[in-house]
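Two complexes, one shared chain (subunit A), two partners (subunit B, subunit C).
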Partner chain A sequence: MALLILLVVAALAVDRFATLSNAMAILRAGSFTGIVAVGMTLVIIRGYYADLSVPAVIAVGALTSLAMMPAIGVLPAVAVALLVSTLIGLLNGVIIAVASGNPIIVTLGTQILLSGVIVAITQGAFVYGTSETFADIGSAKVLGVPTPILAFLVVAGIGQAWLSLTTSGRFFIAAGANQRAATAMGLPTRRLGMVAMAVCGLTAGFAGVVLAAFTDQANVAIGSGYEFSAIAAVAVGGTSLFGGAGSIWRTVVGVVFVATIDNVLVLLGLPFEARLLATGIVIIVAVVFDALLRRSTR
Partner chain B sequence: MIVPDRRESVDSRGSLDGNSAGSFALTVSGVSKAFGATKALSDVSLTVRVGEIRALLGENGAGKSTLIKILTGLVDSDSGVLSTAGDSSSGVVAVHQELTLVPTLSVEENLALRKLPRRGIFIDKGAMRSRAVVALQQVELDVDPSLPLERLGLAERQLVEIARALQEQPSVLLLDEPTSSLNSSEARMLFRFVRGLAASGTAVLFVSHRLDEVYDLCQSATVLRDGRVIGDVELADTNPEALTRMMIGDRLLQETLEPPVAAGQHVRAGEPVLRCQALSGEGFTGVSIDVWPGEVVGVMGLVGAGQSAFARALGGLQRTYVGDLHIGSAAVQSNSPARSIAAGIAYVPSDRALEGLCLDLSTGTNAILPSLQSTSRLGLVERSKTRHWAEAIIREFDVRPPEPSKRVGDLSGGNQQKVVLGKWMATQPTVTVLDDPTRGVDVGAKLAIHDAIRSRAGQGGAVILVSSDVTELLSLADRIVIFRGGTMCGALTRDTWSHEHLLDALTQGDPADD
Partner chain C sequence: MSGALSRVTANASAPALLALAVVIVALVAIEPALISASTGFNILTQAAVPVIIASGFAVAMLSGQLDLSVGATAVLAGVVAMRLQEQSIGLSLVAGLLVGCAVGAVNGLLVTRLGVPSLLATLGTLIAARGVAFFYSGGRPVQGQMPDVAASLNSSFLGVLSIRICLAIAVVVIVDATIRRTVWGRRVMATGGNPKAAQAVGVSVNRITMQALVLSGSLAAAGGTLQAYLLNSATPAGGEATLIVVIAGVVVGGVALTGGRGSVAGAALGVLLIATVTVGMNFIGVDSAYQRILVGGLLLLVVLTSAPQIARALRRRQGGDRIRTGTLDGSSQIG
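After this line comes the complex of A and B, so read on.
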């Protein structure tokens, strides 16, 4: 709803907004956050609040794929990058489940630890792309649609289908809504948590790979800020941050919403600091608006 | 022990002999309250005289808690008037069954928490201390006011809570099931204190469902059922049997005394379906029991006697240490709910909000969750089948409103419990373990739940019913086992019981005392 209003107002008020190329620009800008936000949505619906290790996992995905490529080729390098990212996510999930750790603190720990490992290995230096195929895929368009957008839509589609069509998807929601009731019902709540964290690792790693293909370079800082933009997109979309309710579609709306605002501010020629200010305000307003709306309908 | 000027003001009214119509401390007339379509209270009137101790009686769901909320101002009534005597007093002040104190703060801080005395921006510790000393003297509690509350026993905490209530100089002190966490000597101490309080002019409204306590402490009683006042009696003029009849109503009493043919006529055929040999676990030891198909085994005991721990262990929610548990011919190593469920045991927990339901999800989703595997193929949910299944559960258990999309947390307690029961019954468990399934539900839902239990047994399912409600056990169970001190200590079968025994058990609350 709020997204529709925003799009209409922007189309009427801002020159050069309502064009196909600008729409692609918005989606492309949001696609990296969007891929991460799909995994983040699962984590949050499961009731695990957030995965703060996303920036480091993005860097792992990007750096691993770029660095391995000369030795083993494009596809194997990407596969290794995704595998490593998934394992990091799984490790988060196992620690949270076994030690009953707070997901925010556990993933904050992994984030810091991984950053240290990455800097130790790369010395903070950039790793550059070596494969033209990889870079071509990253900057290619299919039927006029840039590949990062396609990647985002595919990931979102799979995520939504999983959540709404499968038994395990419904169990995610039940476990997030009331973990004790779900446990008493015999649902594998811990395993669901591990799966959610592993998938979030996978999507973060995939976002890293897509970023690496798109920019053809990466360093330790490539993923910074994505954890918060993903959480913001999930929240703006209206998925409950307390778990047990929400959908991937909502997150997609949230991603587009946040990306649109930034796009409008750029088109209006506002400086960076003003964009930050405005984006922050709009996110808060959107969430408050949503809470009021829900209170009135209940 | 009470502030002197209060005593004088009461003495001057000269109304302490109880029988004379003294001045009223509390007058409630014609109070009604509805929550949505549910009428919680209709036209409720009651009075409490100065110095009187009056019992407020009623089964779960009779409207007691709504009335208490109206009396203490937490909820507004739809119609009706309530007035309290005295100008400087603060009306009705309640002491609740769940203690509302902060365990980590000191006794004096707890006593002063609502109005902390201050000097400038700091707490005035001297004033706080002297107030606490006065308040503690009032309840004859000799403890160091600077101790953290958690270092006190439960009875002492209850007294601190009463001291805090008395600081507000109420015209009526409302005690809401104050003995639920006390042992008998602590309860006696509390009663002695309450009698003294009444003798010095405070009106007391005593909420309880334990008739022995009511007869011990009170002069009169108001009985609620289904939101109406069913009786307003002087205890001297009545007997426990008549009071019980008022509380539970003829239909339930009838059901209890002459249970439907399905219950109590159980014939053991073939092998037991559940065999439990010397099973010990967290909170219970050495339980041996066999349960046959189609049998309802009632389990009772005081709080913490091990019956709930045993039930939880069967459901896989609590650990077992040694002993054997067999369902049919298969041994069950039940230390996870998933394993218990796979073995055919469904456990209906006592706290539906905590362990029974996902309150924010819809009625339909909640009803379908344990059966979701059966309504899906290759992990994909078949939507129409799932919807039909949910609708069938809602219809069969008469869940109101019958809307699958309604948020289950918005349903009444009774209807929530029907959903919990329905979702498990739909899986057709071999053994159904229920822990206090009718706690806090209205009479209609209670009868519906009883019907569901009978029908499960009628279909050949074994049922283990843990309940704190003796009436319920007597009406449903084929036999009743008693837990005490963490273990099973006896069993009673229906044919060893005469009607007199049943009524004794009803009114005394513990048939094992015979």
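After this line comes the complex of A and C, so read on.
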């Protein structure tokens, strides 16, 4: 609903907004955040608040795929990048589960550690693409739709299907809604947490690969800011940041919403910094609404 | 003296202290010239601002709340203070501190009125404060107008002291004493240790929580403002780095992530140790990337070793207490 209002107001008030090419630009800009946000949704539904290691994992995905490509070819490089990203996510999940660790502290630790490792290896330098095939795929359009958008839609579709159509998907919601009850019922709540973190690592790594294919270059900073825009998209979509309620399609709406605000700010000629401010306000408003809603339904 | 020391280190994370001690010994072994008065001065200088921020952060954590917004608040306060400096010093200082009160109050309202977990509330204000700082500064460092003030603030006296070091020591001593020796401090500890019991014996848990978060925001802003005056400039980036050093220092220094246990002096010691390692590594010329690896690794090490089952095993080896047999979190037993 809010998205509709935003779209109508933007279309009426902002020149050059209501064009097909601008719509594609919004979706393409949002697709990278969107891929991350699918994994982030799982993490948040499971009740783990957030994965702050996303920027480093995006960089790992992008840098690994670009750096390995000359040696082992496109597909194996992408596979290795996704595997490494998933393992990092799994490591987060294992530490959180085994040590009953605080997810935000743990993923903050991983983020610092990992970005340190990346800088130690790359010295902050850019890694450039070497494969024309890879870059072509990244900037290709299928039936007029850029590949990053397709990648986002596929990831979101798989995520939503898993969450709503499979038993294990329902378990995520149960574990996030009431961990003790879910544990008492015999649900593997800790394992579900590990899976959620691993999937978030996978999607962040995949977002890194897609970004790398799209821009044909990457450095350690390629993923910065995506953790916050992904959380904003999840929150504004209506998935409870407290866990236990939400869906991927809501996140898709949230992604479009956040990307639209971004786009409008750009069309209005406002600087990049206004974007950061908008993200922050969106998250605060979403948290307050969420909290008010929970109080009124209790 | 040894009694005071053992009190400070009583709750400290033994594995983290050990790891830091090993690194420090290794650094000194590589470069014996590290042991000097100027190194000591450098360490204290580098630790001063994070120690001020960590004091407030530790109080919030003792009361059971994690304040993730301290880094962003410090950065925002610095930017505000620098932008208003040309109007007047007084306005700049007051506005800088008010930023912290405001962020702390928003955190407190979200936590106490709306029941938002502090982790979530302060993550929101972190992002918002960061956004405001970038917006207000145009994304560029804000240059101050008073290089002479910065110079006099930075000048050292008595060899190992400077104004910032004295301020940091004063903050730690006052806040530590307030927590240990005043009724308010006891209430903070009670709120963090067992909020229900505290409420039952008449402590207004909500009010204490609010006050602790406002204090945390204010001291973060004080640290940020001081930093900006010291450098005569403020950059909208870098809040994340401050947050990391503060969190790592405080948990290494033995303040329990769950609240109610630890001390402000311990937190200051933790920050000091991390500054020691950082200064040592800089001296030898170790890439700052490895410092990030070390701090990130320390954070994970503390989380891992403070896990209920592991902590219990460690305590058992030390022949310590074994009173705590379970945790409140059901997830840690079955899974």
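Following the convention adopted for this analysis, the second predicted complex is superposed on the first by the 272 of 298 C-alpha atoms of A that agree within 3 Å, B and C clash if a C-alpha of one lies under 4 Å from a C-alpha of the other, contacts with A are read in each partner's own complex, and residues count from 1 in each chain.
Following the convention adopted for this analysis, contacts are C-beta pairs under 8 Å (C-beta built on N, C-alpha and C of every residue); 3 or more make two chains touch, one makes a residue touch a chain.
The structure presented is a predicted model; accordingly, all values stated were derived computationally and were not measured.
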| item | value |
| --- | --- |
| Touched partner set for A:173, first subunit B, second subunit C, both or neither | first |
| Partner chain(s) touched by A:185 [first = subunit B, second = subunit C, both, neither] | first |
| Partner, of subunit C and subunit B, that touches more residues belonging to subunit A | C |
| Contacts of A:281 with subunit B and subunit C, given as first, second, both or neither | second |
| Partner chain in contact with A:8 - subunit B first, subunit C second, else both or neither | neither |
| Which of subunit B and subunit C A:154 touches, first, second, both or neither | neither |
| First (subunit B), second (subunit C), both or neither touched by A:83 | neither |
| Touching partner for A:72 - first (subunit B), second (subunit C), both, neither | neither |
| Residues of subunit A contacting subunit B in one complex and subunit C in the other | 180, 183-184, 188 |
| Residues on subunit A engaged by subunit C in the complex (per definition of touch) | 49-50, 95, 97-102, 104-106, 108-117, 119-120, 179-180, 183-184, 188-191, 193, 228, 231-232, 241-242, 271-274, 276-281, 283-284, 287-288, 291-292, 294-295 |
| Subunit A-touching residues of subunit C, taken from the complex the two chains share | 66, 68, 110, 114-117, 119-121, 123-125, 127-132, 134-135, 137-139, 236, 243-244, 247, 251, 257, 287-300, 303-304, 306-308, 310, 327, 329-332, 334-335 |
| Touching residues (chain side subunit A, partner subunit B) in the complex | 165-171, 173-174, 177-178, 180-188, 240, 244-245, 298 |
| Contacting residues of subunit B [partner subunit A, same complex] | 315-317, 336-338, 340-342, 347, 349, 354-361, 365, 369-370, 372-373, 376, 379-381, 407, 410 |
